[in-house]
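There are two complexes below, and they share chain A, which is joined by chain B in the first and by chain C in the second.
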Partner chain A sequence: MIEKKKGQVRMMETLAIMFIFFILVAMGMGTYYGFKKSSIIQEREDLFAKKAIDVSIKVSFMPELACTRGEAELKSNCIDVNKLIHLKDLMKDKEFQDYFFDLFSYANVTVEQIYPEKKEYVIYEFPKPNWTEVSETPFVVVLKDDKKTIGNEHRFGVLHVEVFR
Partner chain B sequence: MKFSKKAQMEIVGLVVIVILLTLGMLFIAKFVMQTDSSGKEIFTRRFLASSTLGAMLDTNYDCPALDHPPTIADLLEACVEDPNRYDCEFGFNNCMNSYAVVENLTNSTLGDWGKKYYFSASLLAFGDATPLDLFDDGVGGDPCLGEKDSEERVLQTTNGILKLHLEICGKN
Partner chain C sequence: MKNRKKKGQVQIQFNWIFILIAGAVILLFFVGLVVKQKGVAEQGIRTEILTALKPIITAEAFSEKTKIVVEVPDEEVFFHCTDDVSNYGIQKAGVAIDTPITPIFAPESIMTTKMVSWSLPYQMPYKVMDLLIVSAINNKYYVLGDETKFRTELINFTEEFNFDEINSGEYTSLDPGDNFRIRMVVFGSTNNVFTENGGVIPKKLAAMGKKLSGVLIDKKETINGATLTFYENEYSSIGNSGTWVSNGEIDTIGFSSMGAKDSVLYGAVFAESKDSFECNMIKVFTRMNLLNKVYEKKMKTVEEHFGNTGNNDCTKFLEQLGGAGIDSFMADLQDKVGTCVSALKVCDVLGSGEWGAKKLQSTNQGLLGQGCMRIY
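== the complex of A and B ==
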């Protein structure tokens, strides 16, 4: 009788240990799943944010906008105001709209002059219908006006890029 | 003796479980409490620091009195070499002009976007080991304490090397 009771106690002990072991395994799996899920969400957010950065880089190095210095390489973070004004006119053309849609997809691209006086140039406006989220990346640029022989040739501005999903 | 050995082994088992649980908790705490910036934030900060400083130095100062107004880099150089070189505003020398414009430009961009930043300009005069700060407390508040990205430019002046430093602080 005593032997039987002892065996039952051992069995209970084994069951308790197995129960704790499986609880630990389940907790580990739950934690791993939680981390994996949050890292996938983070990666999705990063990809969305990267899209805004990609569009900003494309815009700032576009030959249609970038400042040139003869045969030298493009001047970084610089937008030619005269090209900008011309591009705004070109954007009215359907053919150019399609060309830029291939480049930027659903996005808004605006150049804002901050100094000396405030001005805004909307160069591309194509928000996604029924968008749920927007990611914005502002980059500081210098706006160069070659035609200006007197006064401020270089102005201070910001390139705003918004992408949608 | 036999029972005592068994009890010892059980205690060892319990200790192992406690250690494993503690390690697990530490692991979870590490992931929950980490506040590292995302890739976008780091890239944006880096790019902002370099583009803001570069664009600012290239920008012409609004000086209607002059046909060819100086750039902000020219103003900073003038502040070190001859503070009255460009006569733009009555009663203001080029050091005051450069401080005001740097404060205006950084505040209307980085400040408006809620970024904490710090700009400083220091002159390392020839033959002098200690740099001299052009703006006493810098521009934009205090230097970043934690995570930051910074950009530096150097201007050669007749009085020494002028080091311009812009840093953008991270979340913490």
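== the complex of A and C ==
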């Protein structure tokens, strides 16, 4: 009888050890996946913010907007006002909308002139339906109007890019 | 006594069976965990490659003449461009990122730890967009044939890539070595290895199969552009032999870039095949079609500005575009661009002193020289 009970106790001991072992493993996995989840969420946020920067870079280097020097070279961070005005109107065409959607996806792109006078040009407006989050990147740019006399052709502006998810 | 002995025997055996089962369960659990983590790690590597490539394709496509060398995990990356589909991705992952806008001139696949990318502007006459060239340090480019200015420029400006100049004697003894892909770039018709000796490829090179390709660049020094003939290796495992077979010819004289470097010819050096080259050039002309609409409106603004300021000296340059004016000139140019999109073989937007991009360039230079408001 005593031997039987000894055997049963041993069996229960083994089972208890295994149970605790698996509990510890589960706790370890839970902690690991908790850390992994928070780093994935952080990475997702970084990529979302980066998306706005990517769109800003694309806009500032667009031949449809960028200033040229008389050769074919583009000037960086400079927007030709005379192209900007026409691109703003042409963006209402479906052909332009479809093409630039492949480039910008769900985003709003606005050029705001802040000096000498305030003006706003909405180049591209395509917010995501039922969007839940928006990330905005402002980018200081120079606007150039060749119609003005030399010395008066430059303006200051801000390129606003909003991306949605 | 007998009963007790039997009970003892059963208990011992039962213990061992229990230990075996418990041990197997624990082992299976950890093996399963390791296998799962391996899959996650592989997926992570593939995501890392695609994440590393994306900024190259974004930034490179929009900042010209820069070369970027990127270290990537050693996975096979494919670049695909046909009429309907244009994308890049990891071969094993079965995941691809679409690239409907950016022209990427690259081999069909790359497997390397160091990827090299280079963007060059396409100008006609104003900048239309950047052509993105992607290759790897283990893709070998052998250059042979006539000495031309473009050949010298190609060697001088591709230090980051893996270029080597050889002669036809060295061609017969070439060994692929560790190179993943080999591209033969032949200039002119002398030493044309694609047709000499019946186009038979040396055995060691032939064994590379589809990873061996070539392009013949027939360029006249006085003319922009060249006649390009693309070649592939028709390999037969019977006899381990290969023959050069042409997969098409294109004349770029009517649309080669007007910039300091002919980005179209550079694209042809790096593009896998004629189809891939054509597919990417069509992206350029699709963009040009839209860009020309912006410039057409700007030209009218320029014309209006000259009228408002009474600047007849400037107006006369715009009048040189043709009797019917800007509308007619641009309509003709757009018509030519449309032809380039649908039939690259007969594409001609460059024009001459009387029409096309050359006419636009001379008009703009005239405006620049006179201190007038320019088209670009």
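Keep this in mind: the second predicted complex is superposed on the first by the 130 of 165 C-alpha atoms of A that agree within 3 Å, B and C clash if a C-alpha of one lies under 4 Å from a C-alpha of the other, contacts with A are read in each partner's own complex, and residues count from 1 in each chain.
Quick note on the criterion: a residue touches a chain if its C-beta (ideal position, glycine included) is under 8 Å from a C-beta of that chain, and two chains touch if they have at least 3 such contacts.
Model, not experiment: these values are computed from the prediction.
Visitor: Which holds for A:P138: it touches chain B only (first), chain C only (second), both, or neither?
Guide: It touches chain B, and chain C stays clear.
Visitor: In the superposed arrangement, which partner chain does A:H86 touch: chain B (first), chain C (second), both, or neither?
Guide: After superposing on A, A:H86 lies in contact with chain C but is clear of chain B.
Visitor: Check the residue A:F35 against both partner chains and state whether it touches chain B (first), chain C (second), both, or neither.
Guide: Only chain B; A:F35 stays clear of chain C.
Visitor: Of the two partner chains, chain B (first) and chain C (second), which one does A:D46 touch, if any: first, second, both, or neither?
Guide: In the superposed model, A:D46 contacts chain B only, not chain C.
Visitor: Give one of first, second, both or neither to describe whether A:G151 is in contact with chain B, with chain C, with both, or with none.
Guide: A:G151: touches chain B, not chain C.
Visitor: Just checking: does A:G70 make contact with chain B only, chain C only, both, or neither of them? Give me first, second, both or neither.
Guide: second
Visitor: I'd like to know which partner A:A26 touches here: chain B for first, chain C for second, both or neither.
Guide: Touch partners of A:A26: none, neither chain B nor chain C.
Visitor: Which holds for A:M12: it touches chain B only (first), chain C only (second), both, or neither?
Guide: In the superposition, A:M12 contacts neither chain B nor chain C.
Visitor: Go through chain A and flag every residue that touches chain B in one model and chain C in the other.
Guide: 76
Visitor: What residues on chain A touch chain B, complex-wise?
Guide: That would be residues 20, 24, 27-28, 31, 35, 42, 45-46, 49-50, 52-53, 76-78, 114-116, 137-142, 150-158 of chain A.
Visitor: Residue numbers of chain A touching chain C in their complex, please.
Guide: Where chain A meets chain C, its residues are 7, 11, 14, 18, 21, 25, 29, 54, 57-58, 60-64, 68, 70, 72-74, 76, 80, 82-83, 85-87, 89-90, 95-96, 99, 102-103, 146-147.
Visitor: Mind pulling up the chain C residues that touch chain A in the complex?
Guide: Result: residues 11, 18, 22, 26, 29, 33, 55, 58-59, 62-64, 98, 100-101, 121, 123, 125-129, 258-259, 286-287, 290-291, 293-295, 297-298, 301-302, 305, 364, 368, 373-374, 376 of chain C touch chain A.
Visitor: Give every residue of chain B touching chain A within the complex, in rising order.
Guide: On the chain B side, the touching residues are 17, 20-21, 24, 27-28, 31, 38-40, 43-44, 47-48, 50-52, 54-56, 58-60, 62, 64, 67-69, 71, 101, 104-105, 108-109, 113.
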